[in-house]
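Think of it as A, B, C and D in the order they're written, each chain with its own count starting at 1.
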Amino acid sequence: MNIEHSHTTMIRVRYADTDKMGIVYNGNYLTYFEIGRTELLRSLGMPYAVLEQQGIQLPVIEAHLEYKAPAEYDDLISVQATCRMERGILLHITYEITKHEKLLTIGHTIHPFMNIATGKPVRPPKSFLELWNGTINSLNNKEDIGA
Amino acid sequence: MNIEHSHTTMIRVRYADTDKMGIVYNGNYLTYFEIGRTELLRSLGMPYAVLEQQGIQLPVIEAHLEYKAPAEYDDLISVQATCRMERGILLHITYEITKHEKLLTIGHTIHPFMNIATGKPVRPPKSFLELWNGTINSLNNKEDIGA
Amino acid sequence: MNIEHSHTTMIRVRYADTDKMGIVYNGNYLTYFEIGRTELLRSLGMPYAVLEQQGIQLPVIEAHLEYKAPAEYDDLISVQATCRMERGILLHITYEITKHEKLLTIGHTIHPFMNIATGKPVRPPKSFLELWNGTINSLNNKEDIGA
Amino acid sequence: MNIEHSHTTMIRVRYADTDKMGIVYNGNYLTYFEIGRTELLRSLGMPYAVLEQQGIQLPVIEAHLEYKAPAEYDDLISVQATCRMERGILLHITYEITKHEKLLTIGHTIHPFMNIATGKPVRPPKSFLELWNGTINSLNNKEDIGA
């Protein structure tokens, strides 16, 4: 399976995000990555909050960032997140942050599916795979959630 | 009882704490207050992490800050936290942040004791009161902790 | 003059905003206040970034927060910011953060107008006052900006 | 020249650093890297604040992180930063974050020397190279600084 899902989100840069260089602090791009990832999952019909309610988390085990040009205060930037599955057990997400077509930052994060109760890696839940594969379009079945 | 406890902690200002004004972002002083509070509790023999293990949290219900002069990158600042009990159920903590005797920020926070399991306000745990009143000096009795 | 301006902005709570209590960290509400203030100024036709280009900043000299109920991860919260002028030289802004009509946090911040070059308090720039008083609707005159 | 400099710093994990997973938020490790880098430069006799006063900044152009085990609230963690020069113009810094010998996070950042006034990459300042090479031990000469 070479399914890939992609989604683009706009983010307004906050004053709190900047540092005394006058640009966004390097660590805050990982928060922008988080927002891109969150909205990508929501667009798949599986908000991360629902995933957690199902007892699953997606901790970050690797992150990589390349800074090409800085984002500045009040910039309206675009985060494109693209996700693929690796070995059926890891989400590999790449990010491209741009401002008016200008490339600012690229990077990726890698996430196992983790059972919150045990702290152990697990296979993706069935409902997630159905959404991923397009078998269903959203979680409209209450029994799918929770447990 | 008019018992008051006070403790002073030094903090090095991080680059991440600054914003594009070139000074510490206004919201980050609440993190400095947190550090002052944490070290004050530790100095009483009751680290906040232990309090949480006992099932108690101290959520903030009110915070107030007055900014007199800015802290800057790499400044070594001093946070003096002074704590008193109100009506036997609330911690009222005042803060004074200085740099080489120069006053930068003052403020306070107010905290009920909250039972984590129920989310309800409760009386301070007995072990906390004994430390507060100086009846004991530290939690050296394993039965005191946990449960 | 008893002119008051008000504006409401929606904010999605980020994972990065939460702490191990499972709710938004107390200091991050000052960032939510910043966003409410920023969008209020933008709605007046005077984005804060433009104000800074004009050589003016609005540092925070006082902040106050009362926490009524917590915001949680992925909540879509509403920040209403209401601004009035005090003694012709200070902006006094109150904030009301709600989630589906439920009140979460209230507070205020106070800001002088500061000349960036001198670091001294100044009167509001003429263009700001015209927007404030409704004499003009937006900064469409290039000469207004800069210098 | 294969000179390498290394320095270890202790950091106390703040409540503000954690997220609702109950552990340190992934983006905050870049702040821990910053602290490791800052103290490494200070140990060389060249505090980053002095470098900036000399008109030089070290922006991050690449960052990489591998998360092995989580840091938790109130943990006293150790950041070892090790720095080498690449092609005479880039600082390549690796980081190892541990808690009681247990490896939590590894990673690296890459930094050019940038002239603040022009925004262009430059060669390291002479005073920096002298400290790096051990020709001098600290900046005790006023003419070295500023200009």
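We adopt the following convention: contacts are C-beta pairs under 8 Å (C-beta built on N, C-alpha and C of every residue); 3 or more make two chains touch, one makes a residue touch a chain.
This one's a predicted model, so the numbers in the text were calculated from it and none came from an experiment.
Peer 1: Would you say A-C or B-C is joined by more C-beta pairs in contact?
Peer 2: By the number of C-beta pairs in contact, the winner is B-C.
Peer 1: With over half of the numbers shared counting as same, classify the chain A/chain D interface as same or different.
Peer 2: same
Peer 1: Using CA atom averages as chain centres, what separation in Å is found between chain A and chain B?
Peer 2: The computed centroid separation for chain A versus chain B comes out at 34 Å.
Peer 1: Can you give the whole-Å distance between the Cα centres of chain A and chain C?
Peer 2: The answer is 29 Å.
Peer 1: Which parts of chain B, given as residue numbers and ranges, touch two or more other chains?
Peer 2: As it turns out, chain B has residues touching two or more other chains at 15-16, 21, 27, 31, 34, 73.
Peer 1: Touch graph of the chains shown: is it line, ring, star, complete or other?
Peer 2: complete
Peer 1: Looking at the complex, which residues from chain B come into contact with chain A?
Peer 2: Going by the criterion above, the answer is residues 15-16, 18-23, 25, 27, 73.
Peer 1: Quick check: in the complex, which residue numbers of chain D touch chain B?
Peer 2: 14-16, 30-31, 34-35, 38, 47-49, 73-74
Peer 1: Could you pull out which chain B residues touch chain C in their complex?
Peer 2: Result: residues 21, 26-31, 34, 57, 59-67, 70, 109 of chain B touch chain C.
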